[in-house]
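Quick notes on the structure that follows.
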Amino acid sequence: MAGNSFGTLYKVTTFGESHGEALGGIIDGCPPGIQLDFEAIEVDMARRKPGQSAIVTQRKEPDAVQFLSGIFEGKTTGTPIGFIIPNTNQKSDDYSHIKDNYRPSHADYVYDQKYGFRDYRGGGRSSARETASRVVAGAIAKQMLPEIKINAYVSSVGPIHLDTPYQELDFSKIESNPVRCPDEKSAAIMEEYIRDIRKQGDTVGGVVTCVIQNVPVGLGEPVFDKLHAELGKAMLSINAVKGFEYGSGFSGSEMKGSEHNDLYNPDGTTKTNLSGGIQGGISNGMDIYFRVAFKPVATIMQTQDSLDNKGNITPMTGKGRHDPCVVPRAVPIVEAMAAIVLADFYLINKTY
Amino acid sequence: MAGNSFGTLYKVTTFGESHGEALGGIIDGCPPGIQLDFEAIEVDMARRKPGQSAIVTQRKEPDAVQFLSGIFEGKTTGTPIGFIIPNTNQKSDDYSHIKDNYRPSHADYVYDQKYGFRDYRGGGRSSARETASRVVAGAIAKQMLPEIKINAYVSSVGPIHLDTPYQELDFSKIESNPVRCPDEKSAAIMEEYIRDIRKQGDTVGGVVTCVIQNVPVGLGEPVFDKLHAELGKAMLSINAVKGFEYGSGFSGSEMKGSEHNDLYNPDGTTKTNLSGGIQGGISNGMDIYFRVAFKPVATIMQTQDSLDNKGNITPMTGKGRHDPCVVPRAVPIVEAMAAIVLADFYLINKTY
Amino acid sequence: MAGNSFGTLYKVTTFGESHGEALGGIIDGCPPGIQLDFEAIEVDMARRKPGQSAIVTQRKEPDAVQFLSGIFEGKTTGTPIGFIIPNTNQKSDDYSHIKDNYRPSHADYVYDQKYGFRDYRGGGRSSARETASRVVAGAIAKQMLPEIKINAYVSSVGPIHLDTPYQELDFSKIESNPVRCPDEKSAAIMEEYIRDIRKQGDTVGGVVTCVIQNVPVGLGEPVFDKLHAELGKAMLSINAVKGFEYGSGFSGSEMKGSEHNDLYNPDGTTKTNLSGGIQGGISNGMDIYFRVAFKPVATIMQTQDSLDNKGNITPMTGKGRHDPCVVPRAVPIVEAMAAIVLADFYLINKTY
Amino acid sequence: MAGNSFGTLYKVTTFGESHGEALGGIIDGCPPGIQLDFEAIEVDMARRKPGQSAIVTQRKEPDAVQFLSGIFEGKTTGTPIGFIIPNTNQKSDDYSHIKDNYRPSHADYVYDQKYGFRDYRGGGRSSARETASRVVAGAIAKQMLPEIKINAYVSSVGPIHLDTPYQELDFSKIESNPVRCPDEKSAAIMEEYIRDIRKQGDTVGGVVTCVIQNVPVGLGEPVFDKLHAELGKAMLSINAVKGFEYGSGFSGSEMKGSEHNDLYNPDGTTKTNLSGGIQGGISNGMDIYFRVAFKPVATIMQTQDSLDNKGNITPMTGKGRHDPCVVPRAVPIVEAMAAIVLADFYLINKTY
């Protein structure tokens, strides 16, 4: 299927392995005339970057994006935007210990089986480093849709949950702490928990909640390309994601229709919003909100059994930099993929 | 986006409104030479059909599928399979009461806003009646993949949950009760609950669990078209779905890496399967399992406020046949969409 | 590739064999609110229909199209338009003489090789009868673009050429004769020639010229989906087409730049139009014109050697109705495919 | 449509303007395990390169391709192959004379109208420099299909035609002269003609003939994605192409069926090959051959009227390096696009 493209009219194609010369991508279909704010792109890149705080991996990736086309005098031209992100330290790590070994819950085994071949330098194409290209494409999509506000934040880390409804949170505080949790008290507990996990040489999962506001009515293309179906696919395509729910989500499955129905106000808005801003697969103008579940990263600093390509079980210990909880760094990736989905549907909706 | 197609090589396109002359679709890309079992298709159609038991809507839809092309002497020919499902009672219902009204949590309002126009006869295109075409396409996809076993069942109805792991269930009992829950005790409680909901004129949601066995290693096309991302999109495109999780799902986000990693056996299988049969977006040969959350159907027999197209709030009571819980009927739809996704990736994987 | 769809936003998918129960298709992406003129659709169907005049095949195909969805109270709804064209006389012909034989220059052999299987009833899927569905989709596309005028006509039949530039022709005369040549004198000679060919039990090819007027500036999506590249693909996908040229075409390859360049008028129009209304793959507002070459139909009433599926060469004579020259009937098909391409690019161009 | 991708399973996406920092592309879907011959890629790049002989533009473009991903230890990995071709002399030319002017028969005017914006540095995205990326993707496609032989050559330059059937030509002589015409006598006359055109400050068009041998039976996906329809689209997407014909082409439209039909040999090959190796849109194993018409390049060194963006007609003379005849340099581009089309259909055909 050549599965490295996403979108129809705002189409993003990415390339690159964690230890190749560079990552990068092509954004095809970005409308012309958008005055780009390159600093805003850098800000999102920095939010995804390793080493940004004490609770994430200390690996160094400068992640400087170079735009090669599609931009002239600071504005998009309507032609494809090609960009690269050089891998500056691609040779610094030693991967000989995993060359012949399949690490548990990594993609090593399936890549070898599917492609008959494996790039054993780190995660290769399956590395989350690929998401840097998504953040670039998403940052530009955001600028294409200045009126739409996308805010994602960490709502749980392992067993620690922030249950406050998003309406009661102050999104301006998301970036005030390294966990990216807008509730400072929860953030402190989560941070403490992650520090403890790091000491154990272990990792932990979590949940990112994303809220999208000021979405025009009408985005989404039933019956297959419903807005939430594309959002779901976009989120599930991010490394380590195990679940997606929007609006009332799984808890909505426990409710009765009389409780779940969102009654109208005379202006077409609704008194409640269990629908999550989407009805019949089409945005209804209310806030869109959804939750994305991330499993713990598979690379741990403890010793675990691995499989070698001769069928032997051998103990193995993770080496190098260790990322106890990727969820704070996943926040800008969730936002980026949401922006890409919205940009695509926004363009399609102009044809009605 | 012309969003009525799904798939790349096994491509399904559907058409039809709940009250038009017929529904139908085109399956393009089905390989030639498959001896079709038409009875098996009818069985899946009957599992989706209204009126099949006392706990679902009593609306009558004969749902007889007519194949018009792509089949010769009982075998697929490799050319597109066109089919229709006539709507025999399309004029029997009276929809004048909703002509100018937007029912809460229906797609009425957004369709009118998006298309500037609304087919007010029932749900129109947004009706779940459209899923009949998906069941046809899925039933053929299943026959294309005879070695793969797909079993879906109801694992919760409203607040009643079946928590038994799927490994301990007997799938042969799924069809033994109208709820499609393989645990007879749970099924009885769920059925009782639905009967009660029906008496209240209310509706209730639930969860379908799906287990796919004997999947070859290698299905899925990273980085965007990961197997679980396409499965997620497919499920989220079904009417009333609010959430999708696979493998450890949301509960996996609470775990540590040392607990979550699936350790290998020497043959490449894994001792545990929190990954849910998919690693890095590619099937690893273990069972694939996922859960799909359905909200309660919006049409209730109680009186609720609706909005008319002049901005007035007016009370409204659902008329006609009432479907207290669609989740049992959603089981074959979940299976069908799973089969369609697998068929597509199966064909793509032949190119490696 | 599942190659039975054409277009991205105005997407047409067709199904059906010459001798199956019905042909048909789905038009996905047609904008809502278009008041359809069903008579105009019938007119185009009649122009394609066999038996319409003495110089085409006398086979009977009523070609009555039935719309099943996507239309409500005479207007398009924005949802997919499903339609079927029943094959009323599908059992009338005897195809036993070709069951085991590959007719020269037919698709019999390649279909058998590719699909391991062959629907031997007439042309099966490779029959030009499939183009009836294209005419339906094209007739609706024309109504979507009322300001654009598409006129195709026969500009050559075998060795007889109409060399008059299209600017000097009266398009209102195209339908005044069975050849669909707007020059009456040429039409008479062509008709006479076709009658002679028919007497010989032979067939002959020809050329259709198509002129598209009032096209807005800006249609076409470089660098791969150039307007003329999609038009070319659309035309080449029609049965029996061997060549496509637009603007100066092949003769332009003999010219010098100083002769070929189209100099501007102050309003952006050009003094000459060797570019054929398209520059850099994008319409420039001038007339688009192109020529499509059709080979002679392979079924002749003379005896020719064929190959049977055991490798024997055996003489064979065509049976049944004979179509000495399909080119007049190809005129509405060329127009239909042009309209489909324009509709797609028209929608895409709304996103700029 | 985001028109910068070509192909479904072997999918090529390109980016880059003539005067941006770099051109490049992504090849998605190339199968894993192909040992790449980088020298062969360089050879094709050199065949397209300006300055390669006295009869083409003397502009300097080193055209060194840098592969950034998808290749490990010299072999393809199955992941996307990203590559760039830096523009080393992007600032050397002075384009101030065309900043406000639309050159006749260039894409300047339509780009400005469509995008509301224009990159006035040379051709921008509409420059034929973009085809360098196609040559890279085609060179890899050729290596994917080592058994298939693709040979293109110049068969006419302006009024000078090589009418010898391709069967009588020695393809090994194509590269023996700067015109890329395998008939040395014709080549000499063509070369002389081009030198004369250059002296006049003019340009001239021509025709490239392409022959593809050893194609397996079965490539092509009717009814829309016929092999020749995709080949036609691919060729028409190349800069300056005005026409495409395959097999008997336009001359076939003058023939009778009794003359045009290709009679079988017992082994399924045909005695003649007016079909051009494709029947019903599917390769039949015979040689595929087609002709591609190129118009003369619009940039001439003579003075011609241009239009400025205020609606004034002003005389203008081409500056800089002048390319009297691009047809010899188009030969590797035609081959590249043919290889890309074949690679895509080759992969798709593996699914049958």
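Each chain carries a letter (A, B, C and D) given by its place in the written order, and its residues are counted from 1.
Keep in mind that, in the parts below, contacts are C-beta pairs under 8 Å (C-beta built on N, C-alpha and C of every residue); 3 or more make two chains touch, one makes a residue touch a chain.
None of the values given here were measured: they were computed from a predicted structure.
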{"item": "Duplicate of the B-C contact set - from A-B, C-D or A-D, the pair where over half of the pairs recur", "value": "A-D"}
{"item": "Chain copies touching (chain C, chain D) - same or different residues, decided at half shared", "value": "same"}
{"item": "Distance between the centres, which are taken as Cα means, of chain D and chain C, whole angstrom", "value": "27"}
{"item": "CA centroid of chain B to CA centroid of chain D, Å", "value": "46"}
{"item": "Touching two or more other chains - residue numbers and ranges from chain D", "value": "1-5, 8-9, 14, 29, 32, 78, 114-116, 125, 348, 352"}
{"item": "Chain D residues touching chain C - in the complex, by the definition given at the top", "value": "1-6, 8-9, 14, 102, 104-107, 109-111, 113-116, 125-126, 130, 156, 158-159, 197, 200, 202-207, 217-218, 220-226, 228-230, 232-234, 236-237, 242-250, 252-268, 270, 274-276, 279-284, 291, 293-300, 302, 304-307, 311-313, 344-345, 348-349, 352"}
{"item": "Chain A contact footprint on chain C (complex, rising order)", "value": "8-9, 29, 31-32, 78, 347-348, 350-352"}
{"item": "Of all residues in chain A, those that touch chain D in their complex", "value": "1-5, 7-11, 13-17, 20-26, 28-29, 32-33, 66-70, 72, 75, 77-82, 84, 114-117, 119, 121, 124-125"}
